[in-house]
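Structures for review follow.
Each of the next two complexes has chain A plus one more chain, namely chain B in the first and chain C in the second.
And now, the complex of A and B:
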């Protein structure tokens, strides 16, 4: 070893370096080697971007196409029709609600069941409640007919496209067979065997010299030598198949089918007028009923107002229908906008699939908000305590302990949330002494709050460690100077130490946010997984709604989708959004430290 | 009086301020201890309930079957009569409780009588429950298939629970394989990269970009790594859901941890070490090999253990790249060629925990499997994390220059 070193040094000092490879000596080869491995980080980041985009980029095109079909086939028109029907349906639900309240009120008065029935099922009441529900039969069936028409044409169109693709495959296969020599791939052999057997069963065409097709099929599949005649027959069979498939295509002209969907607007108008008249009659007849309590009468009045609004909107509704045009251009921007601003995430529906980011994004943000609400005070508080207040014994215990907490696997925390924390939340919400809380008892034990609290437990170590580092990096003399002018320890901490470390603390919080928004298992297990934009009009109750998140939806649905489908690409799009959100958070955290973190020491 | 309160001219009454300071200090202390207690409760809960599944009262004290067997469906036969009786008592209890709610608080006698009734019912319930536990029959899949005849349906009610019988052997093995493979790849790439960054690189644009990407890589959510691994290794390279796809996905995830920590430990070595070696005429690589790496090794190992803890604890990246919910064979069983070993999916503990906590109901029969798996997993990950924390503290003490 020692002697080699000597010779090494001799060559370096006295002789010209020998070139080993491409004019490089050994040291620079080593350097290049290490340099190339260092590129791995850049390479990986680049590859992640490339592969996310490779799988996700097709989404815009496919979604654009899907939305175009949605408009061309008239499904969009039907959805406008459905709005009216939905409005009527929700009015019916409202009425049923009133009825239930009425029955409860009667029960509270101490009436027996038969007495209640006597009141609720009295002829005029019955006519009111049931009559209202039944009046909508016409509009329901009208909308359903139109919907069936639109769906049928759209589905036929999709089937045709699939069939055309099959035809293209056949053409390509035949072409390949004709060009190629007599080499049979395993796949071709299998297909040929199957086709032979089918042809033998149907008995359409076969070999010229009376070779038994069924027997031949067996031979083919067992690996018999295949000759020219076989090839010709294979081509013939494929062509036959081609014709069969071609016949299955029933061309759909959207411009014709959509006319059928859009037709009957006059009839629809009449239906609406009839409905209005019927409902108005029923409502006026309700004046004969005595509801007893004031609150129910109030709700009936409110119901009447809602009805009036419902009918007032009919004119606008009809106008939108009349002005709707199936040939109106659907731009690519529309598809992008429908993804970014879309309020629904509906997959595998028989009408139209929607891929909107908003329910997922809002769910992710809501959970992060809850998590940070708990994690920021606890994380930073603990960091200040450990760094400024605690004694060395406490410090040597708490620091490793919280570091250890950061190593708890997220799936274990999620499991804990499902079996312990969620149950505890439900138990608490059902207990007597918390009944004054407006949204208790909880509908769901797994909700945004459950997930947020557990995520806080994951974010606290991140925030704690980074914030503690930032506090630790402040030079001693800051503190000493502050003491020297007579500040108390707390004043020093709050007015000198924290402002100096503020940039570090902010970046700690941002990185904690990054960790929370990217966390998967806890939200998948504990957030309730309901795909809906949280109802922010609900006050504090919004924090206790089940939500779905960007990370959760990828983890939940990725395993079940067809590769290359629109749904699959939509999930990759969500991944792209997540990727860039996390990059943004990370980058800005670094900027904060860089820009404001210069200590004048 | 005044002289007592004001010891000298310029001081003023500090007592109120002192008090507020004390209160605020206590607030910080309470915040810290709430965090500690919350995490502590989580540990205690999982360790307490999990130890029931993992440990035994009889020698050898560890439930070997649970740690080695494959997961199986649990077949449960409960005595029908007792079951019906229990249900009846339950209904009575519910009725009594609702009656208790209906009573006014003034009615002392009524309340007392109902409470005493409830108490007797509770006792009866517990006795019957113990009887039920003695009388019930539990079978795992293999035992169930071996049965000559199933217990009479007149006497027993039957129910079954997927994954709840047997053990978690394949999941433990799968996790170990995934962790060791991925950490080997991550260490090789990470240490080479760190050597370049700390020894060879000169400040400049390239270095800045490399650092930036390492930093950003560490912030990418794990599910995005999973998506990337799925897109690249599983689909593009055509490896399918396989161990090797999981290795690379996890390795890439662990890279930033390994790179940053290894580089840090190499930078901590004083310049004099390298300069001394260079002055004696050693080439750059020789001086790195003999005078930098040996001293940085403890630090690098610590960092790699940190990486292991991170890799072992993740579920999202392996969900669609490497993990199967259930696989009957162990990784070395039923291989046609030796390369098949790398291209097979495996069971993994984190994914198994996800499956058993989300896909099967929670009751006394599934509880053991759920808590047991969580406990074993927490133990494995905790072991790596703890040893890295302890090692790091030691390394810091040992090397000081």
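And now, the complex of A and C:
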């Protein structure tokens, strides 16, 4: 009855719906609610992106400054020197390897330890192996001296900058104090108390009336009223401190220290010539040694070649040193290039920090490659099986089961990888019957392969689910049409269903890739975390090298960096790169679906 | 109840012989004790209201119902060329090459026009381009489509009009050289002009193929078919020469249906 009455009243005037809240009816309230949740989501995502870019943006400037100092201080020059020294050092290592191999060969022949010693420690052999190593004392000390010079000036420069910052703080504090009233902040009260005690110990300064400073400090910290004398004294104390710190600054003139670093090029040249002569003499005298086996003689020959090459490059090396100039401009592009093309990631170094993307990017991509290599066939294969071949009983078992895998927390998978999979791989690689595999036995239990396999496990559900959806979306009539012509189920699947679903399958793979490259926990636990570009010349062995990843380094180092430092911003830059990689992957997945996904006519 | 022949039609050899067929989806029976002969190189139309089992019956001839898990034959048999097609030793793939099918909704593959027709041959392992070219042209000519598409054979079939797509599906079905062509409401999604073209095509094809067509459109059945079977609630009510069914039906229900009083 009541409702009848209501409608009656409405029939004459098509009145607006009844408002519930603030003049809004229920429909518009619901609309506003969903609209606002969407807005909040977009806003939060936007803020995150802005934050990411804001924190990362400072990196280029800071890195540019750091690289400028690297050149001005002469550290760059020293690094060129070090290259030569390192070349010599690696030659010595090579020679040591040969020696170890020689000893092993002798042992394999069945000689006793003393017999081996007799051969290896024979005067001519000793002169060769030890002589080669010891000949480089001169070059080592030369490089070290230059390095110390450069590091000292750079360190002093860094110290000065920090001290200047402290001075600025004092100036600001004094200024604030002079302007403020007598009621002080709690922080100032504490600082003042401390300064009073310090001053009481040194006794250089005090109250005009001779108040006991220690006693006054006690009173101040217990909340005594601060008076004009206190304020004057505080300012005096701060000014005293300022002078003290100012005195600690010892200005560094890079141009002077660099002159010292760059000097003695003629002497260095002579050192190299002497070293070459000495080493050549040692090598010539080594011809008297008989190594027995052919393979070791071959390696010795190879070593001789390497030695010759090393000294052939001396001329270029010296030229590079001569043409090096500390005042040469370091462009911003150089800094950007040093990040993008940088091969090293060295932090908290006493010489120069390097933030190079390549080792991390290549590690991430290598692991993703391995993961996709396994995840694509398994994920898509399972999807095809479940969608096209399996009966309903199998389907109802397999599908939820695979999807369940994605519910396993990644840290658990990583843990499994470290404890079970990594161990099992190493155990397998060490067993005799698998020694024919070229890269076995494995050096490292945790490597790109371990991480890749486990990531594959995580990517399979993603690829499976999306590929299965894509197959499911193929209209049933394509299948019927194919069957009606006399195609077998296999032919139908391979020639009609898969080609039709290909766009969906490709986007499934792309999103699986996105999942893999953004995964953190598993790679942090299982990839081995060695920051080095994998050695791609090593053939398949490259897959078994420990690597580090972009996600892993952020997770590992973000906790311990100084807020706002170069290192901190470098990690944000890596985050930005990761952001763009993911964006690119997702965008191209969408493009693929849009472009080739039009099934219906 | 079932009258088999009528004097006005010339007697031909039956190519499909159905006797006492019972067919069910799970526990729901869809066809009850259907017996009929379908004659070679004639057009046989199945008419009847929705859900009367005519499509199900049609799909028994090439065993498309196998795709539905719960569907099964409960009794009776279907012989094509004298062979019981439900016997376990019958190769269903071979059967379907023999009995082609065109569906209600045109369903060309998302491939080129050429590839759509060549598909049936390629799955049989025929790769020679000369043979493929020849068969594609032959089939497109048979489907009266050649002149319209000969310049765009490599374009996607999905770019064609609805009527063209349906004729392409007919051409595709012809590529594997079937003897029987099943058509499940082939014109229900087409406009009158396209429908006329398909009907014309059916007339042409009758010379070489046996055609069984399911249709909702009684005028169409009257226009294209030689014989017509009327189904109602899973039972074959009447089967006779088309003229007889439409002019002088024996059964009251048939009469009521064709005159538009129900259905």
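Keep this in mind: the second predicted complex is superposed on the first by the 566 of 601 C-alpha atoms of A that agree within 3 Å, B and C clash if a C-alpha of one lies under 4 Å from a C-alpha of the other, contacts with A are read in each partner's own complex, and residues count from 1 in each chain.
To be clear about the criterion, a residue touches a chain if its C-beta (ideal position, glycine included) is under 8 Å from a C-beta of that chain, and two chains touch if they have at least 3 such contacts.
From a predicted model like this one, the values you see are computed outputs, not experimental measurements.
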- Should A:575 be classified as contacting the first partner (chain B), the second (chain C), both, or neither? first
- Could you tell me if A:30 is touching chain B, chain C, both of them or neither one (first, second, both, neither)? first
- Using the touch definition from the top, say if A:437 reaches chain B (first), chain C (second), both or neither. neither
- Note on the structure: Across chain A, the partner (chain B or chain C) reaching more residues is B
- Message: Quick check for you: in the superposed arrangement, does A:392 touch first (chain B), second (chain C), both or neither?
- Response: second
- Task: Considering only the touch criterion stated at the top, classify A:488 as touching first (chain B), second (chain C), both, or neither.
- Result: both
- With the two structures laid over each other on chain A, which partner does A:418 touch: chain B (first), chain C (second), both, or neither? first
- Item | Which superposed partner A:309 touches (first chain B, second chain C, both, neither) | neither
- On chain A, positions contacted by chain B and by chain C: 488
- Interface residues, chain B side, partner chain A - complex: 17, 21, 24-25, 27-29, 31-32, 34-36, 38-39, 42, 45-46, 189, 192-193, 195-197, 199-201, 209-210, 212-228, 230-232, 235-236, 252, 255-256, 259, 280-286, 309-310, 312-316, 319-320, 350, 353-354, 357-358, 362, 370-371, 374, 377-378, 381-382, 384-386, 389, 393
- Please give the residue numbers of chain A that touch chain C in the complex, ascending. 392, 475, 477-488, 491, 495-496, 499-500, 599-601
- Item | Partner chain B, residues of chain A touching it in the complex | 5-6, 8-9, 12-13, 26-27, 30-31, 33-35, 37-42, 44-45, 47-48, 51-52, 54-55, 377-379, 381-382, 384-386, 389-390, 398, 400-405, 407-416, 418-420, 457, 460, 464, 488-490, 511, 514, 517-521, 524-525, 551, 554-555, 558-559, 563, 571-572, 575, 578-579, 582-583, 585-587, 590
- Within their complex, chain C touches chain A through residues 62, 64, 67, 69, 93-94, 96-97, 100-101, 103, 105, 107-111, 119-120, 122-124, 158-160, 165, 169, 172-173, 175-176
